[in-house]
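Chain naming follows the written order as A, B, C and D, and within any one chain the residues start at number 1.
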Amino acid sequence: MSGIFGIYSPKPQRVADYCYYALYALQHRGQESCGIVVNNQGLLRSHKDAGLVNDVFTKEALEGLGEGKIAVGHVRYGTTGINPRQNAQPITVNHVKGLMALAHNGALTNAYELREELELNGSIFHTSSDAEVFAYSIVRERLRSSSIEEAVAASMDVLKGAYSLIIMSSTKLIGARDPFGMRPLCIGQLDDCWVLASESCALDSIGAAFIRDVEPGEIVVIDKNGIRFDKRHIGVKPKNTCIFEHIYFARPDSVIDCDSVHMARRMAGQLLAEDHPVEADVVIGVPDSGLDAALGFSKASGIPYGIGFIKNKYIGRTFIQPTQKDRENKVRIKLNPVSATVKGKRVVLVDDSIVRGTTSARIVKLLRDAGATEVHMRSSAPPFLYPCYFGTDIDSPEKLIAHNHTIEEIREIIGVDSLGYLSKENALKLTQNSCGFCTGCFTGVYPTDPPKHIDRSKFEMSIMEEDLK
Amino acid sequence: MSGIFGIYSPKPQRVADYCYYALYALQHRGQESCGIVVNNQGLLRSHKDAGLVNDVFTKEALEGLGEGKIAVGHVRYGTTGINPRQNAQPITVNHVKGLMALAHNGALTNAYELREELELNGSIFHTSSDAEVFAYSIVRERLRSSSIEEAVAASMDVLKGAYSLIIMSSTKLIGARDPFGMRPLCIGQLDDCWVLASESCALDSIGAAFIRDVEPGEIVVIDKNGIRFDKRHIGVKPKNTCIFEHIYFARPDSVIDCDSVHMARRMAGQLLAEDHPVEADVVIGVPDSGLDAALGFSKASGIPYGIGFIKNKYIGRTFIQPTQKDRENKVRIKLNPVSATVKGKRVVLVDDSIVRGTTSARIVKLLRDAGATEVHMRSSAPPFLYPCYFGTDIDSPEKLIAHNHTIEEIREIIGVDSLGYLSKENALKLTQNSCGFCTGCFTGVYPTDPPKHIDRSKFEMSIMEEDLK
Amino acid sequence: MSGIFGIYSPKPQRVADYCYYALYALQHRGQESCGIVVNNQGLLRSHKDAGLVNDVFTKEALEGLGEGKIAVGHVRYGTTGINPRQNAQPITVNHVKGLMALAHNGALTNAYELREELELNGSIFHTSSDAEVFAYSIVRERLRSSSIEEAVAASMDVLKGAYSLIIMSSTKLIGARDPFGMRPLCIGQLDDCWVLASESCALDSIGAAFIRDVEPGEIVVIDKNGIRFDKRHIGVKPKNTCIFEHIYFARPDSVIDCDSVHMARRMAGQLLAEDHPVEADVVIGVPDSGLDAALGFSKASGIPYGIGFIKNKYIGRTFIQPTQKDRENKVRIKLNPVSATVKGKRVVLVDDSIVRGTTSARIVKLLRDAGATEVHMRSSAPPFLYPCYFGTDIDSPEKLIAHNHTIEEIREIIGVDSLGYLSKENALKLTQNSCGFCTGCFTGVYPTDPPKHIDRSKFEMSIMEEDLK
Amino acid sequence: MSGIFGIYSPKPQRVADYCYYALYALQHRGQESCGIVVNNQGLLRSHKDAGLVNDVFTKEALEGLGEGKIAVGHVRYGTTGINPRQNAQPITVNHVKGLMALAHNGALTNAYELREELELNGSIFHTSSDAEVFAYSIVRERLRSSSIEEAVAASMDVLKGAYSLIIMSSTKLIGARDPFGMRPLCIGQLDDCWVLASESCALDSIGAAFIRDVEPGEIVVIDKNGIRFDKRHIGVKPKNTCIFEHIYFARPDSVIDCDSVHMARRMAGQLLAEDHPVEADVVIGVPDSGLDAALGFSKASGIPYGIGFIKNKYIGRTFIQPTQKDRENKVRIKLNPVSATVKGKRVVLVDDSIVRGTTSARIVKLLRDAGATEVHMRSSAPPFLYPCYFGTDIDSPEKLIAHNHTIEEIREIIGVDSLGYLSKENALKLTQNSCGFCTGCFTGVYPTDPPKHIDRSKFEMSIMEEDLK
């Protein structure tokens, strides 16, 4: 998971500022590190580091990036916690035909093989991230291609997995989406500038107009001659957008492949109400991730929607965690139930997923302490049963509660009166306009082969649920 | 506006930690400065500074406060911006009979006169804040009283205005609420400790049980003998709780004088729908302050409730503001409309108040840009017409849009199809259990005389609306 | 120990900037906290905090002080480590006749009695520092005096001890030096501005001309009418300047009471060579405090002067101390011997004092490891045998090595071949122009009675030697 | 200019701590950026950034490096100011046969050619620094060599210029010095650990014993089998150590190639007194760089040595520069003359070099203002007339005062009564034990060809003199 952004301006200006605001809008896609690279007449100025946009980009740092015509930005969701500064993107490289900066969202399934092959031919890697494999593969093609866009197109024959890329050469801004269209990427326009972004909310944040999504397999090339499209890889593979972008990752105000994320989540709630109806007095969502689906559940079931929790919005990066003894209060400091909403009520509690179950159990306890007479949990995603190899970093099944327990066991662990997950069938019905989704994490059926070699370090991940939503 | 918290523990422990978490829960009551004072056997350790709890209290600073039996904490909503560090509370003083720390929420209307009188008798002030006037008045009484609680009781005869106080002597924790009960204060219990807090959400955050609100005029005394109450000032004045605590200031999950704040806001929405009905397709609230009332409006009107905006939760203290040219985007970066909710719809937009009108106008423009066909604004508070002298710092009528314009003019300025405010009559019906409210800011009728001398510096206030909710 | 500075400018300008540079020059007089208060037409803006000038005054903080006609600055040498932020000076107070800011260097011997008397009359103290006792005593007099300078003059009848004061009223800058002249204070001129400073090096740092020292007991008053002097307390007491200002505290480039500090230290070295001659090959000083005396010793003895140590100048506030195991290296990281200077040589090692002896022992070991065949230690101050009650905070005899051991014992503990201290007689001969010194710490004979009540917290001091010179 | 350090420990321990202290000792060799890489069983943890050791390495950052058997550290003297974070060393790379970290001191004269050749063969560079050229050249050899040390040896055939290298593979620590021996490198021992460092002062700082200097052309290999030496490149080229290491760069307490740096500088002063004798009353040095030579000048001339300036030791990284108007005071804030030493005296002022002349002129003015009757400037280095291509970054002759003016003109610009430089002949006589120096910057005669392609960005250098010594 990552967020990417690029901008091309016909005349030099403070393009880094647009990246900065866009990265704020994409911050939910990654909080480990972030970076911006600005191209001023071929001189690249770069600033990237571990931390949130708010921490990494001081006024001084942002101004230090100067003016330019092209810029690329990135926010990264890291997993291993090792050398986060070094793994920050965009990556910048020099090669015999020029320079390149690259930011990507996704994961290669043949990174190990590509890396080995490149190293055997003398390539030297500085990090263990996929970004370098992308960059080196493209540069390898560049040496035998007539242009950077040709090199990108050629390298897409060998790059396997889920990815959206934004690449900057000395004169061009290029975007590409993998042939399965697993990760999102869209095109916007702001005055006479073109922009590319993971999600449309980043366009909104800078006041850019949404033009359209990049199609699966499509390559977008922007330079002084305007915008053009390379469509050779379009339609080669069946569309397989990650269903979790709609259910979990993307911001509700974004539109992906012509579907409102908010509406997909409301629909998830509606279908969930059909899958697992229940008699209750109020439907509440876990803020912020469960609110849209809770509203949909309320609409479909006729049970009134309520505001069940207040989330503390002042808890920052340097919040001092309670000691072991008070750890139970940790959830409570971040999330406090509204007694007036739940006291003496039968409550339907909607969240977008149940990963390890620990947080859900604590939230349920808060509701019972606040006087809820019954708590019925509903997950707007089907159970996670299989690892994901395509960039979501939920690849260690052992830690997934649904992998190790029956639904009845989970119900008991979480401490609810009933528990229901969205059915796999309905998970495919969330969108109105688009179809073709990867549901590998529910079904174990993937659009392409899983990687043969898995980097063990990736298993030391920090499951998303831990940072309480 | 401020938030205050105090704790008394029979045995020494890390009482500062409880203050820390409680101040996080009260942060919405003041973001200019904060502080904690810990009493360890009569040795006071203090840490306070300008900034949010998250910034002021590093791990080192919090640990530096050590253990103790009593602690007092404070968050302050400042207005003048001059010397915020110096005005941070709690204030600590030494006098011939001992030491004292004091934190208050509210404002004195006779501060000028008391200050003058004290200075004429040789008192020396270090700041221009009311906190010193409170402290010095109490110490003056202390010199001729048998105990600190007697001194507090005696000083309440001369202190005029709105206030809740938490005071720490070398051996006691004392709370007091002004006879009108204008500002809230409540009592909680955590294991064998007693706590006092501005709002019940602070009790929840540390897992303390809510016992009851302090009554208007009541003094609470806690020491090694337990808790006791001085009731001599109770019932002397008619109850006049600030209605804005329910409408605006308090956190929705708090309960004030036996009424849920969330429910009062829902009720405001319901009554607002009666006051100003409209035909529309969706009701949305401005996050986070308008959500409760929007839900009430939806319920009363039958118009579906929708999620109209996504608020960016990563914008921190060091966010770099857009330059003049891009200033219009400032709202958009913080708040982005969900097109799917509003496109092609007639929208009812609910907020809790309209102060200067600038922000409302920008938000309305966002909705129109997102495709709303009609926008009907509804304010869950009546128009602000008169200054408040009781601690809310909205005391400069010239800056209030409602003071200078008719409702029709405001409607035009904001750019909405219709505009309705909650009626003054209905503003008195928000609560189920309590009655007796100060509505001076709507009516110009105050429970007690306004101050004769007004500190001019207070007019250089920063109206609350500016920090977009 | 503290450093103080004040400036009066006939027209408003950035007077805080001059304070800032002057405090840098006075930083050696105190590193615990610092502060500046600027008077802009009677509105005081203040910034003070625990830390070095370099840390406390960011660009933003300095600019926030704005312009003004008068400013006062302070650096503080703290001892107890409790609430350093609260004890930072200058202190600012309001009273019925106006406002006042005050910074002092020194210590009252009757602070306890004055404080008790003031408290009995209703005064309320915020801290336990002498600064408040000074301020409150002066304000008490102010209420019955016709002017602030009269109040200062009157309060000097009751204030006992060692002090130099700089006071700012709404329109005046006032300086005063105690009748014994124990702490230094001098007058300078910069264009049309008058300045006051603890040491002349602060004048140099801002390019101000040195005019003269303030005389013992003299009061200097500066306002729009220029400078004038109140001489009523001059000559009332015998001059008793602290001899340690010359030996240890002041910066060598300062001139105090017409004597160069550097020259006094060279003279100390010369007299030391007479007191304790030795046959040796090279004389070296401990940087930076022993260099001047080492040069004097070399001159008088004819033994060549050498550079014996290189001091690491990059060790800052956040230097991470070696763990216990490597603690011996701590001295070495800060101070490394120059082998070429000492190898195979009989070395005379000169320092300005031996406090606890621990650091001296480590330095001697470094020299032996570097090949010195003999090490002869010479201290350019006589042994510390008695506490100082006048602001140097060396008041706990138990921790002084000379208090508990004979010179022969100290020689053995430090591990040197011979050890010699400057004789008490010669300590009185360091200066050419001035005479009349307090030598209480060597002799136990004080110019005025020691305090009857000693604040115990002062004994938890950190002896100066620990921060290796 | 850079400082490098490496350590090999037979058992895992906190090797990063030793790097940290050693880098403090080497900080004078570079202040732009610094870094440490720790090898824990082949897992590299790295921390590097722009800034001083004191700023970059927080306690958290240092502890985050964990334990390991091998570590490499680096401090960098940057010139262009572009992307300093990205250019920080040590550089870490992965290749088909393993991983490598590398830190270097020096400059390649054929970097351009090597880079071009590598890029034509597909190498991809991330930065424009020489470090990557070193690393890639060695890796290229590694692919056809049996061991990393063979690869280093082979690459030394093609790497041209001045360099000392420290390289870490997954199991070995390797050091190498270029065949001319232009940059220093030495070997030390600490318990059972081996260490390598640019200067012996770094060994001292961690308590390691100095073993010997690495010989020009020598390769040192340390692994679990102990230490061994590859001598194939020894003696191939004539020794050409940079004379400026002795005159300017190195710390006086270091010993380079068996000669004390302090003694070389004293000798420079002595020879300078022979080259340019003068009648005067006192000899003073500009702290800290001119002190050693001033002592030598005093000894040879018989003119007494004096302490002429006090340097402010509290001026840190965030010192706020005086505004244009007060810029003249900038020198004075950092450096204040001791009037007592120079007033009414004929002064010999010794410094180690005169680069642009601006600072010298300001210092001379300070002396005249302080009452010096005559000022005779003596430079302990000959005039800089030619660029240096070997890592000292004084490669733009236009900015060198000696390049554009006669000595008489310089004398006038600086404002001294006489001016003398050490003669080129005497510059070769500074050392007692070693011989063979590069004096290209005085003579224009270089040991090897200057680079054919010069990176223009290097000319935007900040001449060393600017940061006042």
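Structure notes:
Convention: contacts are C-beta pairs under 8 Å (C-beta built on N, C-alpha and C of every residue); 3 or more make two chains touch, one makes a residue touch a chain.
Keep in mind that this is a model prediction, so the values were computed, not measured.
Touch-path distance (fewest steps) from subunit A to subunit D is 1. Counting hops only between chains that touch, subunit B reaches subunit D in a minimum of 2. Averaging C-alpha coordinates per chain places the centre of subunit A 59 Å away from that of subunit C.
Subunit B and subunit C have Cα centroids lying 47 Å from one another.
The geometric centre of subunit C is 37 Å away from that of subunit D, both derived from CA atoms.
Multi-chain contact residues of subunit B (touching two or more other chains) are absent.
Touching pairs of chains, sorted by label, consist of A-B, A-D, B-C, C-D. Within the complex formed with subunit D, the subunit C residues making contact are 17, 20-21, 24-25, 27-28, 52-55, 57-59, 62, 201, 204-207, 251-253, 255, 260, 262-263, 288, 291-292, 295, 299, 304-307, 309-310, 312-320, 322-323, 326, 328-329, 332-333, 336-341. Across the interface of their complex, subunit A is touched by residues 43-47, 49, 82-83, 85-86, 91-96, 116, 119-128, 135-136, 139-140, 143 of subunit D.
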